[in-house]
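First chain written, first letter: the chains are A, B, C and D, and each begins at residue 1.
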């Protein structure tokens, strides 16, 4: 049973059938949690939603108990104290947290707290992290360039402050609501530097437009920099992977020759 | 005749004259299909449109019959049963589907179904796929990185859910129409993460704007990641092509020396 | 004099002093041509604008005559017939075209034709092309990848047609002005695929928003593809340049050793 | 003391404790300067802001005096005249400039001048530059490609002028406020070429929309070019760094063998 539940203990390819089912149920549960926030759907299918939620809660509860029980086969979590230690391990806590919202949900709440609970139920998605061993190469490639990426974030912050200050200095008296202070100008500045450009706030003075144009052009640099760094990082990572594969092949070939 | 119709059987460079003509007519037919959806043009040039459609239909019908007849020269599609098998092959079905809309069109329809038929006529463009052997290198370069591209799509989905959830939690009571549920918030979230930024929906609370700014910055990462992966993939593909060319040249040179 | 006027004949570094002056005057003349379209400036400084235009016209006219005269030193353009042939050479025609608008300008025009003439005066900028030998490496790097770039343009066109068709099919009855035909939907589609996102036209139906979201995500791919191709092309070009420099150095070193 | 104050003289890793504290205080002072522009915060916490400003001013004043005194230990700035020379060195002037705004601030101002002073206080951020020796690799990688980056800026400028001219020629009579002159059309053109797309100004004529669509597509090229150049530059820089590291290791290994 332990082999079926613990991703690292599974000897076959990919995930064990049990974990595959759990992952699929987590996806289903997440979709339901998202759909249920829509009042039209929530009121029309109230009963169906509740029954599915209840069923998923029971399945996840049983799965959680089995996981705690099966953890005993791992030498680290042997015995009762070992299992208590397992309960406080990272992924077990995530599993528990993902169970909790249903209990609260059974009660009667309203306003922000209710919405917060509904969003909390999306913590279920985090459970998928348990099954994913794929991000490693990705994270590694970016991690190697975290210094350069951090520098470009700092540069972005500097651009944000400079452009907000300029627009504040120029536009404040004409649009006090949007440019009345530097923090207020941040909203416009972020939208421009990221080239999102909502258009709900735009400068109206000629000099403000000049600064805004310069900000938009600086925004291209802001996008180009992390893109360039990432491209170089991925290119590097791919080449290292290829060289490793080449070396492996060459090693295998020289072994064949010497035999 | 088979050699003139089947792209793979043509021995000259590029496409056979017949297929070049067919491809050009497909482009013309597609432009007409697009132009005809415009009511002003459709009513003014109704007759011309109809005559051109009819002429194109006849040409494509003749071409289709010739293709089915010529298919017999291919050993796979010999005889009557072979030709019937050809009719159900992928590209022949596409050719047939591209013919159908005209027949329906002759009838009298209205509303969504008519618009659907008009759009269906654009299936003609898909016929160009038959003549294109150029995408292969392109698709191959991207296919090698499909795993990384899929990961960045999943990351994008995760970002979409997280940002929508945050905005839903914060903005729902102030803008129930746009942020009243997580699925509703998706619209704003997609527009922001892709840096499209229509501006028809924007957060109005300070904390909503803070989250929106973070979403916009995350959106830059979202754009940078696939761009970086593609840049690395193309760079890789170009280098492989260059190395192959170099090796070929070296081989040719060493052959010249040994002679 | 020929050496001072003909960029290719100048033996020093960069441009000859005469051509540097001409290039600077072209920039000044272009700025004036841009500024003069603004009615506020045009009416306030009407006289100054006219005098500067007249002065620039005279200088450029003299320069043009000198160029025609000096062209005789080039064996290709010897004698009177040679000079007439020079007048019809590409850059000489550009120079002449850049002179013409002033003559018309002296007359009295209005409406579109006047605006067209004003814009035509910006042809002066094209004269800078004569002095630029810098684009070559740039154009060469991109030219090597013109096939891939063309493919991504075709893919973009396909996306444009598909997304316009979908939105037309879905949104036509609700927004006939913006989505009433496929050509009309192009405007929205271009703005979305390029992630410009003006927001003057946005889908209002749920299914339209779904398609629009997919279009926006496809738009990221549309941006990522040429960026990736260009990144790979430049990376390639830089490496070739570096390898050439390395080989040169190695050659120089081996020469030093053998001496 | 000199060793604690002068970044270049510190022998440990990173920054000296004193400079770390100063950098942190600079960040705090910048955040306060930003927050204070918000009228709501400024009026509610007027006293706290003033006290913190005063305290920071005193600390930075003492630090400045100590720096001037300690500069004497540097042979270049020995004696009284040396210290006066130090006061006029680049970073010392920045430090002084960052101190000044508080003095003016104590007075009573209004309007643009007050806002200008508030923004001037953000010069404090520039003081962080003194402690940063990290940008070098970054700036170097981009500096190597400054020629290509400059070319793409020039190309961008050309695109800006061409697209503005086209829209001016077509849209001027319909939207004189936004497209009445080429400089006015710049605002729309920058927003489109950078794909920001505020949407406060959009063409309304069919031909204007056609030109606008072409501008938006050209904008993708405008973004792709610097991104591609930067990606190639970073890729180059990373590879050079890796090769250097490899050579170092190989040298170390061959030394080990020969020993």
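Keep this in mind: a contact is a pair of C-beta atoms (placed from the backbone, for glycine too) under 8 Å apart; a residue touches a chain by one contact, two chains touch by 3 or more.
Every value quoted in this text rests on a predicted model; they were computed, and no experiment measured them.
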Shared touch partners for chain B + chain D come out as A, C
One copy, chain A, sits on the other, chain C, after a C-alpha rotation whose size in degrees, in steps of 5, is 180
Greatest centre-to-centre gap (Cα means) from chain C is with chain A
Residue numbers at the chain B-chain C contact, same meaning over half shared and different meaning under half, come out as different
Chain A and chain C have mean C-alpha positions lying a whole-number Å distance apart equal to 42
Per the C-alpha centroid definition, the whole-Å distance linking chain A and chain B comes out as 30
Going by residue number, chain A touches two or more other chains at 195-199, 223, 227-229, 231-233, 235
The answer for chain C against chain D in the complex is residues 30, 34-35, 37-39, 111-112, 115-116, 118-119, 122, 125, 134-135, 138, 156, 186-187, 190-191, 194-200, 222-223, 226-235, 237-239, 242
Within their complex, chain B touches chain A through residues 145, 147-148, 151, 158, 161-162, 165-166, 168-169, 172-173, 180-184, 192, 195-199, 202, 209, 212-213, 216-217, 219-221, 223-225, 227-229, 231-233, 235-236
Chain D residues touching chain B in their complex are 195-199, 227-228, 231, 235
